[in-house]
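Below is one structure, written out as structure tokens; the observations come after it.
Should a chain be cited, it is by its letter among A, B, C and D, assigned in written order, with residues numbered from 1 in that chain.
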Amino acid sequence: MTDQTASANMRAGSMTLSLMPWIVAALVLVLLPQIFTANSAITIMNQMAITIIFALAYNMLLGQGGMLSFGHAVYMGVGGFACVHIMNMDDFFASIPLVVLPIFGGLFGMGLATIVGSFSTRKAGTVFAMISLGVGELIAACSVIIVAFFGGEEGISGDRTYAMPTFGVEFLQQIEVYYLIAFWLLISAALMYLFSRTPVGRMANAVRDNPERAEFLGYSARWVRFYSFVASGFFAGIAGGLFAINYEILTEENLNATSSGTILLVTFLGGVGFFFGPILGAIAFTLLQTVLSLETELWAFYAGALFVATVMYFPGGLAGLIMMHVPAIRLGKGSRLILPYIRTLVPAAICILGAAALIEMIFHYRHAFAGDEEMTLFWITFNSHDVLPWIVAVGLTLAGFFTARATAPALLEAWGDANTPDRMQV
Amino acid sequence: MDLVLVNLIDGLVTGLLLFMLSAGLTLIFSMMGVLNFAHASFYMLGAYFAYQISLAFGFWMGLLIAPIMVGLLGAGVERYGLRRVHQYGHVPELIFTFGLALLIEEVVQFIWGKNQMAYDIPEVLQFTAFSIAGNSIPAYKIFMIFISIAIFIGLLYVLTRTRIGMIIQAALSYPRTVEALGHNVPLIFMGVFGVGTALAGVAGVIAGPVLGTFPGMAFVLGSIVFVTIVIGGLGSLWGALVASLLIGWLTTFSKAYNLRMEDFLTFIGFSRPDPIWDSAWRDLWTITSPQVADILPYILMILILIFRPYGLFGKRDV
Amino acid sequence: MRKSFKLGVSAALALAISAAAGLAENIKIAFIDPLSGPFASTGTNGLHQFEFAAETMVNANGGVLDGQMFEVVGFDNKISPKESLIQLQVAIDQGIRFIAQGNSSGVANALTEAIDKHNRRNPDDRVLFLNYAAVDPALTNDKCNFWHFRFDANADIKMDAITDSIAANEEIKKVYVIGQDYSFGKAVASAAVRFLGEKRPDIEIVGNELHPIGKVKDFTPYSRKIVASDADAIITGNWGADMLGLGKSIVENGYTGPIYTYYAAGSGITAAFGETGKGTIRLVGEGQVNPPASDSAADYYTAFKEKYPDGNVDQSRITNVIGMLAQAINEAGTADDVVAVAYALEGMEYESMWGGTVLMREKDHQAIQNVHIHEHTDEDIAFDYDNSGFGIKVVKTVEMAAAESETTCNMRRP
Amino acid sequence: MTAALHLDGLRKSFGKTEIIRGVDLSIERGERHAIIGPNGAGKSTLFNLITGRFPQSDGAVRLHGNDLAGKAPYEINRMGLSRSFQITNIFPKMSVFENVRCSLLWSLGYKYSFWHMVGKSRELTEGAEAILEQINLTNRRDLPAGVLSYAEQRALEIGITIAGGANVIMLDEPTAGMSHSETDYIVDLIRKVTEDKTLVMVEHDMGVVFGLADRISVLVYGEIIATGTPETVRADPKVQEAYLGEALEAEH
């Protein structure tokens, strides 16, 4: 009985509770450019926001609907291309405010999704995945053939500033574009979240879990998938429209298999099981791509390793990793994990950094131009042909590894302890 | 007419090469129910391993050893990677192989760099076998045809005439029952995965010198292998063969003959817009068959999936 | 162990972000080209050539103005237009005023438009675009702008030289044109047909076709058609794996005539062609490597090989970029006001170490220079490519090619 | 008055084997009807034919007089027929409450709506909670359905089946694999939730069958050899011979 009242209370308060994350998100979005003021930081944040919308749209399929798509970039791309074409329709574009442009992108993405979805959503699983792969390849190939719409490999470009000024803003500066994208990010994320709470959104989960049972509840699994697919196409198109506004150019790369693969990677990295998973994935991946790639040309190698490790050890992704701790925190025992974590994770981090250093050194040793024996790693410049740095790196890796392995059982024990309710409390 | 014959041979080579990849993939799929996205990456590894070995011991040792290395690696991937991911379901398995494909490409670049390797046809096979109307057929192509046909026959023999083949076939359909009969099904799975990837390795060894050994070689071939087995029907060896040859000839002939969309459109009664350069449909009118040759298999696959989801020879849904 | 992996990466990220900051007094040139991915070798080699040119031609001689040094900063654009625009923004934020890029006309198109817009919208931190290799004619025609300078000969100029060479050879009666299905491939094809029609109306174009870019696994069917057409010469704009695949396949299937092309040297391609390409590959380009045009060129190349034994000077115009930029900065007396530097570059005549004069044409910012036809060979090669023993040797030179050519460029100057 | 469910010469073959060999059966409204028969008699196949999971080879199924030929399962469900499965068939990753709420959506007219918020609808929440109350799972409300005990999952399965308000309920071995106490719980539950509804069930447990059913049909080798009240069926010599004898012996 006490249990019930508790959950009833929680439900009563859920309205205010569920608004909180959105308000915080809005505040963060407003404040971010005050902290990161450089134009490049804003450009990267714009890229992040666009990726977030796209990843959320993708997760409507993968996480919510259980449909694995290998060609989702085309819906974003086609929406974006449509927006650039609208930018180039001088009179029409001058008569609409730039803020509404992404809606057109969404409509075009949705249009294409309607056509493709009409035959691809009959089955989920491999059939769907393969059709999406085929359609993706087809449209990507068309981009160099159908020059009138896709502009060949150099793509098509426009100028966002020719739109009707919105409250006097002409979107000349990156920061103005940032706020436009942030606005759309909030709107789309909220809409996608709300979509998951509608009957068709709930049934998407049901169809993902058990399409046959859903059929015996009066729902056609196919049509449920179709509606999810179309909605996902719409939001992908919105992301495409924002891409068009931010970069003012769309090219073949917006459609190709690499982009489609990347978004799968992003979404899975973040975690498909939770609504906010793709958001984390998009942030992490964009940082990896733009920041880590400034530091090492092996960034794609690390990204690939990270991805494989995620699939193997944390199929729940980043979000799953975070949500794993909720039970312990609910029990009020989260703090008991801190110390064991430090004891295991610090050596493990040292081990991984040591391994990364080894990889960098091997790479430098093998591929640097002869005579170029100097390399800089973690602000230390040394000669990669000396023995000492190798000993240090190997030593760090091994020491980290064995310390982490020695402390791991203690961590496991603490984990078990933190997740079992204390007898006293019951 | 002579050219038709030449194209038939060329298409056969392409098709058989594709078959060596798709045969392994389709076996792996029918057994484990997972499409191995990294299959073409094992093909690439085959080429690179063979290149490395050929530097020291020559081409023939490469042909012998590289596939074994690839097979062992494949078995290791199954044992320590896939088997672990298997418990999470099919989608994570698919995603795992997808990530593995990315990782292998990076590892290859890490070890061998980004340039094309100077991996070449062995001296003994560097001659023209025969010529048809000025078009020379290199001896190496004949060699490729023989190797792939030998592999197909061998595979067919093992699967249908030997005890281990029977067990594999049974394990494909009824893994639980076979396990109850005392066979080690995980070991069989691992073995088939190893053999499947080794086949891809053989394909890599013999294709590397003609199609080039470079980090993008897996990507170029990657998705077309899926297309092949989907068209042929998942799990069907004969289907894989037929689909491979079909794709080989389809792409070869559409590249070899300049069929123009314009002729087709005029034929079905449309009139050419004039001037063509202002028409919104200009790109449609100017399409030629070589332009679209490589995307024809994708169109074929989509049509197959819509109208015959179990493929040409498949017995069950994809 | 599992958890630690994530933490390790995020820690590394945090460090990386803080490390990305920092500024110096040098005059920086942002080199935005692929440094990872399939085209990384071309990009990395280009970066080395830039660094080496800046080091030996400018910094070793005391820098420019009152001793300011050149510094080349590499930015990895992964040959993606989107990434290029991000990296452009990063470069501008770091106070860099000179942007160098060359690989892919698609990227160059994106960059030139973005730079034009940026300079219009942000008059305080304008930048110049030093295009050292993107050859799409449109960049100095319809899409030209004041901020863009092209140091390579464009596709049309090079085709002019190729067709001169073909026209001079009376034995060539039939020509086959094949290329990648995208803007550059199409530009090459249409230029080839146009120039041949003007110079040798008797030559028959026996084939003119496009194939998908980067997707063809096996070129055999194409080479069958070419061999069957009895062509005496082939013209192609292919590059990278497409060039290698096409070239090898054509020769293997029995073709013996010349293949005229733009990009078939360096980046591993020379080595991979090896014996196969000998007597077949004809390459158009500026910059004479073999035989060395001057002692200074030979010294420069030797010094470069000492520093980068695996590298090639396969984009010799990079020295012209650095030399001309240094001269322009000195003339303008400033490196901060890019408008002044741009005006100094316009119309500049520069003596290249690879022989001949380079003129930066005022009306379209297209460099006019000597264009050579090279052949791929292992004979008389002073400086080979890819350490393969093979290299390219000049067989014909067109002096100040296309100096009088028309342009549709209608430039707006600030 | 038309029968709730009427089977007319229903046949089904897989390849050469005929599994259902001409079944005629009429089940009246409000009747609790059990189908029994030895293993392999075709009971589950019959179920699957009625609910549109497989197409029949010949014959017809009529629900309230409407022919079901060529109808997909979801269409049949919308006409007022709902079924459970022999193997537990729920939505394992969704919460118990969500499971029930999903099964209410169509019948409350939400269809493929993407403009209603399910959380805001009183009728959905209250409806789902009423069903949870009925199947005694209120205290499991927020757990993922996959972690429930077997009996609880079976109860949930029944809850999902009846939630849509269908007037013909088909249960496929609702007590399979249960202990005695669990079986009693499920039988009470079935009796409670199928009041005023037509119930068709396949069941092995004779205690359950004779306790619940108004009428019984015996299916042997794809044919119905007897139909009638429990007493008639029990007394039928054919049934005794074919099947019931051993079963009754085993029970005593």
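One rule holds for everything that comes next: a residue touches a chain if its C-beta (ideal position, glycine included) is under 8 Å from a C-beta of that chain, and two chains touch if they have at least 3 such contacts.
Remember, it's a predicted structure, so these values are computed and weren't measured experimentally.
Shared contacts of subunit A and subunit C, meaning chains that touch the two of them, come down to B. Among the chains in view, A has its Cα centre nearest the centre of the complete protein Cα set. Ranked by separation of Cα centres from subunit A, the top chain is D. If you average the Cα atoms of subunit A and of subunit D, the two centres end up 43 Å apart. Taking each chain's centre as the mean of its C-alpha atoms, subunit C lies 74 Å from subunit D. Per-chain Cα centroids separate subunit B from subunit D by 48 Å. For the pair subunit A and subunit B, the distance between mean C-alpha positions equals 32 Å. Multi-chain contact residues of subunit A (touching two or more other chains) are listed as 141, 145, 298, 300.
Each of the following residues of subunit C touches two or more other chains: 37, 40, 181, 212, 215.
The list of touching chain pairs reads A-B, A-C, A-D, B-C.
Looking at the complex, you find that subunit D touches subunit A at residues 51, 53, 72-74, 77-78, 82-83, 85, 89-94, 98, 101-103, 105-107, 110-119, 138-139, 141-142, 160-161, 164.
Interface of subunit C with subunit A (complex): residues 1-13, 15-17, 19-20, 35-37, 40, 48, 75-76, 78, 80-83, 85-86, 89-90, 92-94, 105-106, 109-110, 113-114, 117, 121-122, 136, 181-183, 186, 212-213, 215, 306-311.
Subunit C contributes residues 37-41, 181, 209-212, 214-218, 220-222, 224-225, 227-228, 241, 244-245, 252-254, 267-269, 271-272, 274, 386 to its touches with subunit B in the complex.
Across the complex, subunit C is touched by residues 38-41, 43-44, 47, 141, 144-145, 152-155, 157, 159, 161, 172-174, 243, 247-249, 251-254, 284, 287-295, 297-300, 302, 306, 309, 313-314, 318, 321, 341, 344-345, 347-349, 351-353, 356, 369-372, 378-379, 404-405, 408 of subunit A. Those residues of subunit B that touch subunit A in the complex are listed here as 35, 81, 84-85, 88, 90-92, 94-96, 98-100, 102-103, 105-107, 109-111, 113, 223, 226-227, 230, 234, 280-284, 287, 291-292, 294-295, 298-299, 301-302, 305-306, 309, 317-318.
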